[in-house]
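Here come two complexes built around subunit A, the first alongside subunit B, the second alongside subunit C.
Our next item is the complex of A and B:
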């Protein structure tokens, strides 16, 4: 299958602290890939490098067959790279509808009409957002805010959707409700990366998984073939 | 009758202050950029207008159509060249940068135009008035007020219902999240500052035709603009208009009570609002 994202020998650093070491990462079109690892393993740094929020110190990132090194972060969204950031990061002081429209205003245009995400489609996916569309986002519950964050990213008409810890701080019932929507999102041809602390959830929701430890990929392969023991070794290190 | 006249004249003065305040409402109220050079930019544009008319022979009625584009260019260059480098969650860097710019601009203006006060004459239009019942109202102040009302409505609608308005509010709320939503935050900020300083081009014309200007006058315009935005509530365009009306009315009513109390009355009303409703009159919180 054609790769939608290819990351080769990626290194990234914050000042003197190197956060990623020669990371190799690849996602095929229509694939769901889980990215797991302990806090500080480099998962969010990898996503920030992919989205262009930080510049890698070495390596190559290609999205939809094109290098992203000369494309500013905001322009990558229009090419079909969208992200649900950790902590939701909604626009406070704006209504649910306005939060959704910010992404819709700048969405990718080369999408078939039938596959296009529209606000009514987002309301079908998360009906509660229709009821609360005129309310300020800060008045919504955490789960509803996460639905706005997912909806906002979908309205960019992504080829690749990066979800950074979307279950963080949410009730299990809400997490289940959001994860149940992933197959529907994927059905439209969108590839998905889920960064997740809940290893079982990550494994059961993905086709393949990558495990990061201290900035290095320590395990990768089909999710159904990787056992929990191997994940444990890769997650905590060989000494555990 | 004296007090009704004071109220009407206060509203008309508020129309002038609203033009200072609307640019400030965009930069400080929405983008949270503290532009200390705001008043100096009004004075710079007013002096440029006076020079265009007095030295280059441009018609006074054409001057605002030149001052607004000049303001737009200055604003865009200011944001791209200076402010985009210092815009962060912390407002201190932009405050320090624009404080330095304010001092530099004042000295530059003193060097070019000296400390003399100047004004722009519109001939008979400057003193023309119409009779409204028992009151006489100046045509020029009425025009300034009507322009301020139209500008407030346009800016309010643009911020609320256009792609640009949504992008600006998103970038001001969370720049990184806005970038992840496809917003070119720096480009949007440059456009917003261009609009804010473009409005100051119109304000500068109104200032130069209604009263006099001198290079050191910028501080007063800055304070009135800040007071109007804070009285109205941060982030509310119509609040800035309301705040400007309150400052204008307080100044005129105060000066009718005692000629020395005009400016002071405006400051006292501002302090009262700050003490009793620090979030501003239009804030929903």
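Our next item is the complex of A and C:
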């Protein structure tokens, strides 16, 4: 299958602290890939580098066949790369509707009308957002806020959606409800990367998974073929 | 529910009244030479300048997250451009006032290139250094008479009535462009991106908002408005010196007006500028004591009411003057939803409670008139 994102020998650092070491990462079109690892493993740094929020110190990132190592975040959104940031980062003080509208003018225009994500389609995906569209986002529950964050990212018409810990701080029922929507999102041809602390959830929701430890990829392969024991070794660094 | 015909409500009763009063004020100011005393005309000109520079600083700090303590750079540039173009080059001084706005915006570009990599306090200090550099530079240029300053001799060719008419017309234009312009800007889609950038710059960038371009645009707009205010102020004074034009006290006025009035709301700088203006008029005689009192007031507001006086007022009565939000309502369900929003919790909902320093984007539906625009989803 054609790769939508290729990351080769990626290194990234925050000042003197190197967070990523020669990371190799690849996602095919329409694929769901999970990125797992303990806190500080480099998952969020990898997403930030891919989305242009930080500049890699070395290595190559190619999105849809085009080098994007130095492309700024806002330009990548127009190319079809959107992110649901960790902690949701909604625009407080704005209504649900306004949060969604921020992205509308800045999305790709090369998407077929039928496949386009529109606000009514987001309301179909998450009906509760339709009911609460006039309310300030801070008045919504954590789960509903996460739905706004996912909806907002989808309105960028992404070819690749990066979800950074969307289950963080949410009740299991709400997490399940959000994860149930992933196949629907994927059905439109959107590839998805999920960064997840819950290994079982990550494994069951993805086609392939990557495990990061201290800035290095310690395990990768089809999710259905990787056992929990192998994940445990890669996750905690018990090399054997 | 069909989304092809959705009404966007953008006004409240209070905002319609505020808009009407604003139009009345902007229209009445140019007529002042026919009915007001010279003293009152000078008050209005000075107040217009204070409101304008405070509003511009509010755009910078309240929406773009750029805290500048060097706004006096643009006051001075605006003033000096007026004096040089009118005195030395023979331009019509009244037409040069808007031209000063463009000059200040042009000067702001190299300043931004120098300062753009700085964040927070470093950016603030950088703006102050830039303004000081301009002051020193101006004081050493003989073409503008160095440190001795310049007098606007060209104004002698106009009668007092003509001068008053020109100044009041420029005051109206200044208010229209700075306050009215900010209102229109913040209600546009650009305003939505601007607010997003203020609240969550990282999230805004990852949703396609070009944060750097937005910051540059706001920086330039604020410089333009401040420069125009500087030109108008010194046109009324008829004299400018580097020490006066580039005086850091201008930035103190901006900070006081916005911090005390309310940052991140259009109403805040107006209230703050009014407070500063009248406090200066009535208590200025107490000198240093009065300045200490103003400083303490700023401190108290920053500590106990970061949303400023406007936020406190809004907790008492939710009557926004210049709301910049949109409320989307389906026509067929409008009546029912309005009823729903009149329920207890919503009626009690004051935006000061919900938003603190950032102000609100919520408009209580109970006080909203039906809008006329159709929002195509």
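List of remarks:
Just so we're on the same page, the second predicted complex is superposed on the first by the 237 of 240 C-alpha atoms of A that agree within 3 Å, B and C clash if a C-alpha of one lies under 4 Å from a C-alpha of the other, contacts with A are read in each partner's own complex, and residues count from 1 in each chain.
The rule we apply is simple: a residue touches a chain if its C-beta (ideal position, glycine included) is under 8 Å from a C-beta of that chain, and two chains touch if they have at least 3 such contacts.
Fair warning: this is a prediction, and the values are worked out from it, not measured in the lab.
Clashing of subunit B with subunit C is the outcome of superposition onto subunit A. In the superposition on chain A, contact of A:83 is made with both subunit B and subunit C. Of the two partner chains, neither subunit B nor subunit C is touched by A:46. With both complexes placed on chain A, subunit A has more residues touched by C than by the other of subunit B and subunit C.
Look at A:134: by the touch rule set out above, it reaches subunit C but stays clear of subunit B. In the superposition on chain A, A:213 makes contact with neither subunit B nor subunit C.
In the superposition on chain A, A:73 makes contact with both subunit B and subunit C.
Of the two partner chains, subunit C is the only one that A:120 touches; subunit B does not reach it. With the contact threshold set out at the top, residues 51, 53, 72-75, 77-78, 82-83, 85, 89-94, 98, 101-103, 105-107, 152, 156 of subunit A are in contact with subunit B in one structure and with subunit C in the other.
The residues of subunit B lying in touch with subunit A in their complex are 163, 166-167, 169-170, 173-174, 176-185, 235. Partner subunit C is touched in their complex by these residues of subunit A: 51-53, 72-75, 77-78, 82-83, 85, 89-95, 97-98, 101-103, 105-107, 118-120, 130, 133-136, 138-139, 152-153, 156. Remark: subunit C residues 1, 3, 189, 192-193, 195-196, 199-200, 202-212, 325-329, 337, 341, 354-355, 358-362, 365, 377 touch subunit A in the complex. On the subunit A side of its complex with subunit B, the touching residues are 51, 53, 72-75, 77-78, 82-83, 85, 89-94, 98-99, 101-103, 105-107, 152, 156.
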